[in-house]
Every structure is written in C-alpha cells, then in structure tokens.
Amino acid sequence: QETIKIGAVLSATGPASFLGDPEEKTLKLYVDRINAAGGVGGRKIQLVTYDDGGDANKAKTFAQRLVEEDKIVAMVGGSTTGTTMAMIPVFEDAEVPFISLAGAIEIVEPVRKFVFKTPHTDKMACEKIFDDLKKRSLAKIGLVSGTGGFGASMRKQCLAVAAKYGVEIVADETYGPKDTDVTPQLTKIKGTAGVQAVVNADFGQGPAIVTRNYRQLGITLPFYQSHGVASKQFIDLAGEAANGVRLPASALLVADKLPDSDPQKKTVVGYKTTFEEVAKQPVSTFGGHAYDGLMMVVDAVKRANSTEPKKLRDAIEATKGLMGTAGAITMTPTDHMGLDLTAFRMLEIKNGDWTLAN
Amino acid sequence: MPETLLEVDGLVSAYGRVKALKGVSVTVRAGEIVSLVGGNGAGKTTLLRAISGVQPVIGGSVRFLGEDVTRLVPHARVARGIAQVPEGRQIFAPLSIEDNLRLGAYRRRDGAIAADMDAVYELFPVLKARRATPAGGLSGGQQQMLAMGRALMSRPKLLLLDEPSMGLAPILVDQIFEIIASLKQRGVTVFLVEQNAAAALSIADRGYVIETGKIAHEGEAASLLADDRVRAAYLGI
Amino acid sequence: MPALLRRFLPVLILLALVVALPFLLKSAYQLRVATLVFTAGLTAIGLNILMGHAGQVSLGHAGFGGIGAYAVAILPTHYGIHPLAAFGLGVCAAGLLAYAVGRPILRLRGHYLAVATLGMGMLIAMVIQNQQGLTGGPDGMQVPRMELFGWRVRGAETWYWICGGFLILGAVLAVNLIDSPTGRALRAVHDSEVAARVLGIDVARAKLTAFTISAVYAATGGALLAFVNAFVTPDIAGFLHSVELVTMVVLGGLGSVVGAVVGATILVVLPQVLTVFHEYEHLAIGLIMIGVMIFMRAGVVPTLIGLVRGRSA
Amino acid sequence: MAELLQFIFSGLTVGAVYALVALGFTIIYNASDVVNFAQGEFVMLGGMATVFLAAAGLPLPLAAIAAVVVTVAVGLGLYLFAIKPARGASAVTLIIITIGASIALRGAAQIVFDKQFHRLPSFSGDDPIHILGATILPQSLWVIGGAGVILAALWWFFRVTLTGKAVLATAANRLAASLVGIDTRFVVGLSFALSAAIGAIAGILVAPITLTSYEVGTMLALKGFAAAMLGGMGNPIGAVAGGLLIGLLEAFGAGYLSSTYKDAFAFVVILLVLFVMPGGLFGARSVERV
Amino acid sequence: MNAVPILELDGISIAFGGLKALSNVCFRVEKGEIFSVIGPNGAGKTTLFNIVSGVYRPQSGTVKLSGTPVTGEPPNRLAARGLSRSFQNLQIFARMSAAENVMVGRHLKESRNVAAHLLGLGGRDNRASRARAMDLLALIGLAGDADTPAGALPYGAAKRLEIARALATEPALLLLDEPAAGCNPVETGEIEEVIRRIAAMGITVVLVEHDMKLVMRISDRIHVLNYGETLAEGRPQDIRTHPKVVEAYLGRHGSREAAHA
C-alpha cells in the first residue's frame, strides 16, 4: 500500500538549530514509532527531511523539491518565521497543507488556506507575561531582547500589546544573537529610574548569558524569560542564576508536576519520556511543536481517510480538541493555530527545576 | 686529484612543458672555483636551483660527496653543506638584517656563530650599521651583500653563487671577487654563475658555458678565456 | 576570426548551457536550481572582475546583493514605486555606495581590505536586520510581484529565462571589459601597483571602477534573486553569504568567467545533491571544497583548460 | 562611575575573548601568510571536547589537557591532509581550503558531539568580584590572564627563539627559507599545531563565559580576525590590543549609544583606524623597494 | 645654457627614519641628453628616481619638468607629463603576456571610457596598442616572445621588457634603473644599442647603472652621488679620473672598466 509522504524543511543546523534539531529528532522518532506500530490506518509514513541551515532561500528550494520531486502530501516544518514565510507561496501554489513550527503571528494572520502553525505566538507569550505582571502589580518594565528573528519579533509584539495590560516599557535594550556579554545593557536598565521588572525576549544561548549577567550585576527585580528558553538546557546553562526566573511555557516542561487530573498530562508525559529516552537530551517545547504538527497530520489522515492534500487540508482545518504538547488544538477556518492563552502556564524556576508559579 | 664534491649528471628540468635544462652534466671538485657562464635564459639559475633542491627535476642526478641527493629536500642539502646566494637576492625583507644573518646559520649548532657574524659585518660594514632595521629597506646592492653574508653564515662546503656581483658598485665587485677567491683558502668550494664572465673566469679554476639548457663548452678557465667563440659570445671582445 | 571566437568562447558556452538546460530539466524545482545558479553566477562574474582581475578581495559583497534585493522589496511595498524602477534604483544605489565607500576602503591592501569590506558588508546587513519597520527585520519581507504591461511576471520558467539572459549579458560585458584598456589596467594593478602608476594608470580609480562594477553585478544578482523568491531575508546580505561568493570565484578559478559560473554551480547544486548524506552533508561539502582546491589549485576551469592544452600540445 | 567601570569590565571580558582568538591567528599567518578560517573551529573543539570528555568521566583538568591534545591533532591533520598536499598553491587557494576545513570540522563536530549549547563550570566559582560598585566574574580574570600569558609566550617565541624567526622567515620568503636550511614544511606544520593549541586553550578558557556549541567558532573567528587586523596582522601585541579595543568599543557602544548598533559602532571605528593606519595599530609598515 | 632643462632638481632631501638617503641634491638634465647617475650602493640613486617619478615625496626641494614644478605629483600624473621609468627590482606584470605588458604602457593613449569598454567598443584601441607593442618588442628583441607570460621570461629579457613598456607611454624623459644588471657584456652591448636608439628618437634618458663600460661610453654627463650627497658632476672623461669618485666608487675594477670604454 502507498505510503504517506510527509515533508519537513527544518533548520537542523545553523543559527536556529536550537529549534530545528529537536524538531527533526522528534519527527524521525515518532514516524518510526508510528510505522513500527503499523502505520496510520495500515499505511506507513515516509518522512522526507531537508536542512535549510536557517537560510530562507534554501528553504524555498527545498520546499519546491518536496512538492515537485518528492510529491509529499503534507509538510511539517519551517523552524523559523523567515524560512516559513519564504516557503508559504510554494505550498499555497501547490495546494499542499503546510504546518509551520515557527512563532510569528504573521504566518496565520491573515489566514492562508493551506498554512497552519503549531506553536503559541510570541504575542501570546507577551500577554501571558504582562498578565502575570499585572497580577503582581508591576507596571514599569525593562525589556531586553535579542536581535535575531525570535527576539526581534517578540519585542515588536510586546511593544504592541503592553498598553493593553497597563504595562509601560521604560527601558528597551537589545543584543546580538551571538553576544557573549550583556552587562552594559543590563547596567543601563538597572540604572533606569522606576523599573520594577525585567523581561528578556530571546531563545538559544542568549537568555542564559543574560540571566547570568543579571545575577552578576546583583539585580534583584523580578525577571521574566519567554517560552524561547523552555528547555531544561536553559537551566543547565544559566546555572544557579536561573533560580527565580519566571516564564510562560507549555505544560510539557512540568509534565510530571501536573496533577493527574490535568487533561494534558498523559500527552506531555508520554512525549517527554519518549524523547528523552531516545534523543538523550532534555526535552524542549520546540520538539513538542513538531510532535503536535505530526499528530495533526496523522489525525487528519485518519479522519479524512485519504492522503489527498486538499482533503488533508480540510481535515486539518477541522481539527478539534486534539491534545498536543502545547495544549488542546482546535482549528477553525479563521484560526489556523488553534491554541489559546490557557495553553500557556506561568512557570518559575526553583532549585534548578521548573515549578508552576501561582 | 682532489675528491669530487658535486657531480651533476644528465640533469633535465622543465617549467611546465618548456625544458630549461636538457641533460646538463657538471662536476665540481673540492676546493675548486668553477664558473658557469651563459646568456639570458640559458638555464644557469635553473641549474643552481636544481642543485639546491628547490627546482623539480625530471631526469638525471645530483651527487654530493658521493651521495645521491637528487631526491633530498632542500634543507637536508643545506645540512650536508650546500648553500646558495639566489638570483634576485631573496632576503627576508621584514626581518632585521641581524636576523637574516642569524638564519643563515640556521642549521649550525656550534659556538662560532657570533664570531662569523662579526666577520660578515667586517666584510660589509653597511650591514653592521643597520643591523637592527628591516632588510627590506636596504638598497639593491646592500641586499646583495646581505644575501652573500647570509650564505657565508652557513659555513658551506659548497657555495652556489647566482650572479653575486649583480647591482654592485664597481668597487664592491672587486671586493666580491676577492672574497670569492679568499673562500678558496678557507676551504669553501664555489660554483659561480656570473654575467661578468671575464672576471668570473679569471678567478676560476675551470669553467662551463651553457647555451639553451645544454653545456656548450667546458675546460680550464684560462683556456675558455682564450677561446674565441667564448670571447665573442660572452666577453664582448 | 579565431581571436574573436576565443574571446567569446566563454559566452558561447554559457549561452549553449542556458538554452539547452530547459530541455533537460523537468520540474520547476530543477529550473529554480538553475535559476539560482544564474543569479549567483552573475554575482560571481562581477566579483571575479574585482578579485580575479584587479586582485582586490571583498568579504562584503553580499551587502551589495542585499541592497539590490531589498530595493525591489522595500520601494514597491512602502513607496509604491514600480518594481522595475526599484530594480534600477537598487542597482544604482549599490553602485553609488560602492563608489562612495570604495575610495577610502580600496586604499587598504590584502587582508586589511578584506576586513574593511567585511565591516562594510556587516554594516549593510545590520541596517537591514534592525530597520524592522522597513525591512521586516530578521524574519524578512515579501517582494511584490512585478507587473509589466498588465502581465504578472511569475513562474519558474519565466524567471529562468530572465536570469539566464542577465547571466549572458553579464558574461558578455565582463569578457569585453577584460580585453579592453580598462581590463588591462585592472590586471596591471593586480601585478604591480607601482608599475601601473608610472605607466599613467590612476590606480585608485581603476580599483574603484572594478569595485563599482562588481557591486552593480552583485546588486543585480541580489535583486533577481529577490524577484525569484518573492521573499527576502537578511541572510542575503550576511557575512556567510559573502564568504560563499568569494569561495565560488576561487573554486571556479580566479580570472575565468566560466569559472565563476562553475563555482556558483558547485556551491548551489552541491547542497541539493548532498542531501543524501543527511547529517554528513556539511562534512562532505567541506571535504569536497578541500579536495577540489588541492587537485585543482588554480580553480576548476583554469586547471581543466590547462589539462586540455597540455594534452593537445 | 560604577556604570563606566562596569562597561570597562564588560569590554575587557569580551575583548579578552576576542584577543585570545586573535592570538591564534597570528602564528599560522606568520608562517604562511594564510588567514586560517578554521581557527574558530579550533576554539570550538577545545571547548566542546573538554565538555564531552568531562561528561565521559574525565576530571576537568585532564579533560582540558586531552582536549588540547585532540585539537592539536586536528590542527596537524589539517596541515598534513589539506595544506601540505596543496604545496605551491596561492594564498587565496589555501584560504579557501581553510574555509572548507572549517565547514567540515563544524559538520564533524555536529555528529561527534551534538548541536546543543554547553557550559563548562567556571574555574573559580561564579561569585562576582565587586570593585567600586561594578562587578567582574573571576572567569573573566582567567581569560584576561590567559591572553596575557599567551601573548608573552608568543612574543618570546617570535622575538627570541630561532624557531620563531624561522617561522617569520618562512612567511617572508619561502624559497630563501629553504635555501638557508629551514624545513619549511616542519615550520608550517608546527605553526598549525601551535595555533590549534592556542585556539583550544582559548576555547576552554572562554567556554564558561560564552558557552559553547558546535557553531560557536564562526562568530569568534570573525571577531578575532577583525581584532587581529585592527591590531596589525601577525603581531601578537596587536592581536591583544585589537581584541581589547573591539571589546571596549562594543561595551561603550552598547552602554552609551545604541545596543542595537553597537557592533556597527565597533566596525566604524575599525574602518576609521584602518584609514589612518592602513597596517593596523601595531602593524609594521611594509617595506617594498622598487 | 639654451632652453629650459627638461628635468631640474633643486635641493632634494629625504630621510627614512634617521637615515638621510638624499640631502640637498641639485642637477639639471637638458633635453636630448643621456645623463647618468652613479654612486656606491645605497647612495640614493633609486631613491632619487622614486622621487622624480612621484613614488616618493621629497621632504624638501623641488622637481621641475620642463620648467613646471611637479614636486609630489602622483606618478600617473607625471606619466601624463611625459615621464616614464623602469625599475631596479623588476615590476613586470607577471600574469600578462609580454605584448600585454607593453600595451599597458599605452594606457594614456587609449580611451578610458569604461562604459564603452564594457560594451566591447575597445577594439580599435586594442588593435592600435597591439601593433605599437609589437614594434617595441621588436626594438628590444623580444618579438618572438610576444605571447609568453611575462613571468616566465628570463631576468634579462624581463628587464628589457620594462624598457619597451616604458617607451610605450611615448615619454619625453625616460629613467632607467640598472637596465644592464644581469646582462653579460654582449647583452649589455645590445642594451647600449637600444638606449642609443631611444636617444635618437629624441627621448631624454637618465640612467642609473653600475656597468662602467656602458656608462662611460654612452653618457653625455654623469652625476655622482655618495651617501645621498653630490660628489661630482661632469663629462665621462672627467669623472673617470676624479680622485674622489675613484676612491668612493670606481676602485680598481671600475677604473679599469671605465678606461676600457
């Protein structure tokens, strides 16, 4: 019987390998598992992955290759917003469903017929953080963000929604994706009058360095990171300094601490255990996004009982209550992400481990 | 008959497809001064480079003190006692004059290096005056002195000289030829390439004439000097 | 005339290639790869004028490509300028910038010139990356489709022919230049600046000419790439891309027009072919580069030409 | 005041990192006129190998030594299998070979190690040292000290030892070097080994601050190269001065101007310096007679 | 004297670091002369050429070409004024053919319209320059090597190539720095012939050379430098026996050679 050909263009190397690497591992891992268990409705999945190295130009070429040479029926991938945006026209033209793993809201707003995405948007992360600030009656914050894709995009969103939560950004500093010291920026924030909390928007190693510098300078204000650091690796890299940091993230990170009653618990514990066992590295939410994307396709194939791309697209759009690592996913013709704010949890790092903040 | 120091036999060498040496044979015996004369592009420089090992050869052999050195790397030949004053001087421009001289004695481990350096300075006082400055600033003739001094620093058994008088003031040309002649007393054997053929042959024991990659004449220096063909072609008389 | 034939042989080879390829390439994907080779090749031909002939390195040429690319993205999007005009403006802007910064920068030599151009390229990339409002920042921006007399220029094949045309044009101009008084002046500067000067060559001007021309090539290549992709990200102007361009020129063979295109082909096609190696891809690319340079020291094309000549002689 | 001092500390820390990398460039450059683009990979290898050897159970100091040995072996391998076979090739060709090597080494590292970021524990703890209201981490002092020691060693090597002079002579005129009896292959091989060792040591010293991953070499090489050129290529003193200056410029740029354009600020200053001093701060004016 | 001298140096001084390479050098070269500058190694002859041709800028003093002060003008502007030179340390364009080397010398006579060159409109210049280059190569005896890469020419040939290249600029004043270095007496004789022909074309020649036979035979006047200062100036027969020149420069060998001339 014919296999189900799923494509993936990921930034497995390059500056965004932080995202692409766990994504690729997750896809391979779960495709193998699904096939070992007999496939989907008796049909095996065939996964075709390409590494774009974070380069949009390459990503687009590979996207075209997936569509024309490999003849895939659905695509799960696009690690960064840049590569995703470059690939969108290819899948729109070819009418193949494309589930992006990148963060920016532009991917699904405006809604494009064949384009979906799994992760929470950075706008949601900002909202979640500001919500928490509001609860703690903190209104003036310093923002320090990376100039890479993730940080720049989140900075933009945070600046846009701040007013809605009554938050005032009194210091706005940035640093480069490969910077090794951020103390000058933090010194400036520290010296800014009235700052009550600091938010760091970035992913990769940057936030670990920022966190260490933060403690080096002895700043004691509440400190927020974004969902970009949602991996145990952050705690390893930042060390002691990570304690006390708060961040919005999916339930995945606190899988074992969730109450048994939590509807997400089974999914996240399952994914976490499987991934860590096979990949031998701590789970991150990015791999989780790939898991969610793959499961959306699998779920759609089952419901559509077809691998015809257009039918798959319709089925994906009809996804309802699918439990992913990021939360329960419910797509609609006007919402191609399918997550709401409740999917985010506010976590705090204590004693080198994640805990649910309350 | 003194022992044979250098024996070049049927040497062939080429640049790309152009053969610059087409089977050259030359013998130099210990203690001799042997001159090689020839026109522009005859292959003199190529021969000296091949003897030193910096020019690939595609045929023939080079024997030094009875040992076949044809396949030896250049520094191993220096270690066996072959030094060269190359065409175009080839000094270490950014290094100081003193360092240039010191590097001439790179293969030596004896204690007489400092003394030899003083001897070179005595030969060429200009070098001493500027010993700490980069050699690249020297005038053309001064660089030629430095190249000569550097080669002497290695205390060679065989000294290959590629146009040592080129660019030197006449008064120094005298001096250079005197030095070459005096090397003989110090037991250094000299293989000399010179355009100043008359001067070169007049201090030499024997001579070779090379024409487009082949030895055309050879013999006692005096007889070459007297040879009409040589006089007409190379001495301009 | 055989002399004329010899001179235009590179152009004829490229022309034959551009015309023949569509018969061999089946899918839009394959045409796209060929198109990418053309845009990169065009940039490499220009850079070759600077590096191969005038002997000046630039580690910032991607910056000029970025200017061309972002011109056709920004000007139509934000200022309503027609894409064709934007194309022209972008290329002019890159040329003018090269002309303006070239004078001081080109006084430097060798590796110092390399860092200076690197710095210039980085500055361009940094502006593109950080002027988020205008450029979309690191996530990039859409390039509006070009419309000519009501016809929307699109489709892999259309862009194939357009880029192929530009490649041939670029090759013709380069070949003309090399054999002209200007070209000789550039090559003279490469071998001995002081001799060039005493022969009446204004060395600064000669270098500046090469720099500006090569910047125009790069901007043209960048703009075409942006059109083809309909999307640009700051990578196009980045340091790594600059290094890639230099590598193309050297791999293919410094001083050879066909070589520049061959170098571009190697670096564009290789990653597509090497996907079979999966995670060993980068290792393989690196090793292939080393291997080519060891066995073809003068670059692929000059070495092959040398072999053929050697055989026939 | 405390703010200014903090910027200075930041600049010195970052600058010392660049300086260490820049120092690694000098030896190979001095021996062969080649800018070794794989120098950043030596730095990466030093850090990553230490991390993984330590994770495999070696005590940290031993892991560090082993990592230096591994990196030196890689450096020698690079010379023996990539540079030496290309004997007689031009400097550009050799530079492209080092670019190829850097891609290959990164590709190999991502397989042998992984694609994660790692951190080495700081050598003397993470408690910041407070000076007049500003703070500096003990590890920064290690990096600065390391740069100082390597600088002194290199200065001695090139100025005093005959081998050091042979290295310089080989770069200045390889033909003449052969003719005075220098084994030029040995010299160039040695320079690769030494550069690799310096790179590895740099990688180990900076890893607790910069963190390390298979990709960390690219940026470090870029900044290190800029630092080396700013100081005057081939001069160890210049390398350190250039590194520290760039670090300070970045810190002051971020502190007083705009953090977004701090790198731009640093590059603009580099360009300005080179316009005034085309051979870098400490570069010897090249003497070329006609 | 009659007309304005073609080259006039007045009080030229330059120092490198602490080293005074030239101090207060003055002389005039009349149009049509063959004027030689001699002196011990390091006397400052090449430095003088470098100053006259604009490669170096003197620390004091003036250079006049046909009465016009040109001190410190860049070499390319001086070339446009009719000055050209060869080099003691070869500066040929090694990667270009011998003919192309000479064609570069035509640069100022060719159009400099880059746009036209890009469009392939340089053919006329190319043909004219090539023809002229072939003539000049014939003059120096390298016609057979027109398409040889200049880097592969033997030393002596390369030196002559430099002369042809300098002649291609159609100079009024030609500076030759040791053209006969590396040539045997026969070849030196050929160089002498070339210089005479150049002079016969009405080109003024300033010559630096250590070959005393050549210098004494060919020069109208000789200027002697020593340690950057003028030691003597005069006609060959006066210089040949000038005691200071003999002592500082000629020595036995030089005197013998000079006497032979």
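Each chain gets a letter, A, B, C, D and E, in the order it is written, and its residues are counted from 1.
Heads up, the rule we're going with is that a contact is a pair of C-beta atoms (placed from the backbone, for glycine too) under 8 Å apart; a residue touches a chain by one contact, two chains touch by 3 or more.
For reference, the UniProt names are B, E = ABC transporter ATP-binding protein; C, D = Branched-chain amino acid ABC transporter permease.
Just so it is clear, the structure is predicted and the values come from calculations on it, not from any experiment.
The set of chains in contact with subunit B as well as subunit C comprises D, E. Across the assembly, the mean Cα position most removed from that of subunit D is the one of E. When the C-beta contacts at A-D and at B-E are tallied, the pair with the greater total is B-E.
Averaging C-alpha coordinates per chain and comparing to subunit B, the farthest chain turns out to be A.
Chain centres here are Cα averages; for subunit C and subunit D they lie 30 Å apart. Spacing of subunit A relative to subunit C, judged by their CA centroids, is 36 angstrom. Subunit B and subunit D have Cα centroids lying 42 Å from one another. Distance between chain centres (mean CA atoms), subunit D to subunit E: 47 Å. Contact of a single residue of subunit D with at least two other chains is seen at positions 110, 260, 263, 289-290. Across the assembly, subunit A contributes residues 12-13, 147 that each touch 2 or more other chains. Annotation for subunit B: residues 137-140 touch two or more other chains. On the subunit B side of its complex with subunit D, the touching residues are 52-54, 73-75, 78-79, 83-84, 86, 90-95, 99, 102-104, 106-107, 134, 136-140, 150, 154. Contacts from subunit D toward subunit B in the complex involve residues 162, 165-166, 168-169, 172-173, 175-185, 284, 286-289. Taken together, the subunit D residues at the contact with subunit E in this complex read 289-290. On the side of subunit B, the complex with subunit E involves touching residues 15, 18, 37, 39-42, 45, 87-88, 126, 130, 133, 137-142, 144-145, 163, 166-175, 177, 195-199, 232-237. Within the complex formed with subunit D, the residues of subunit E that make contact are 46, 50, 55, 87-89, 91.
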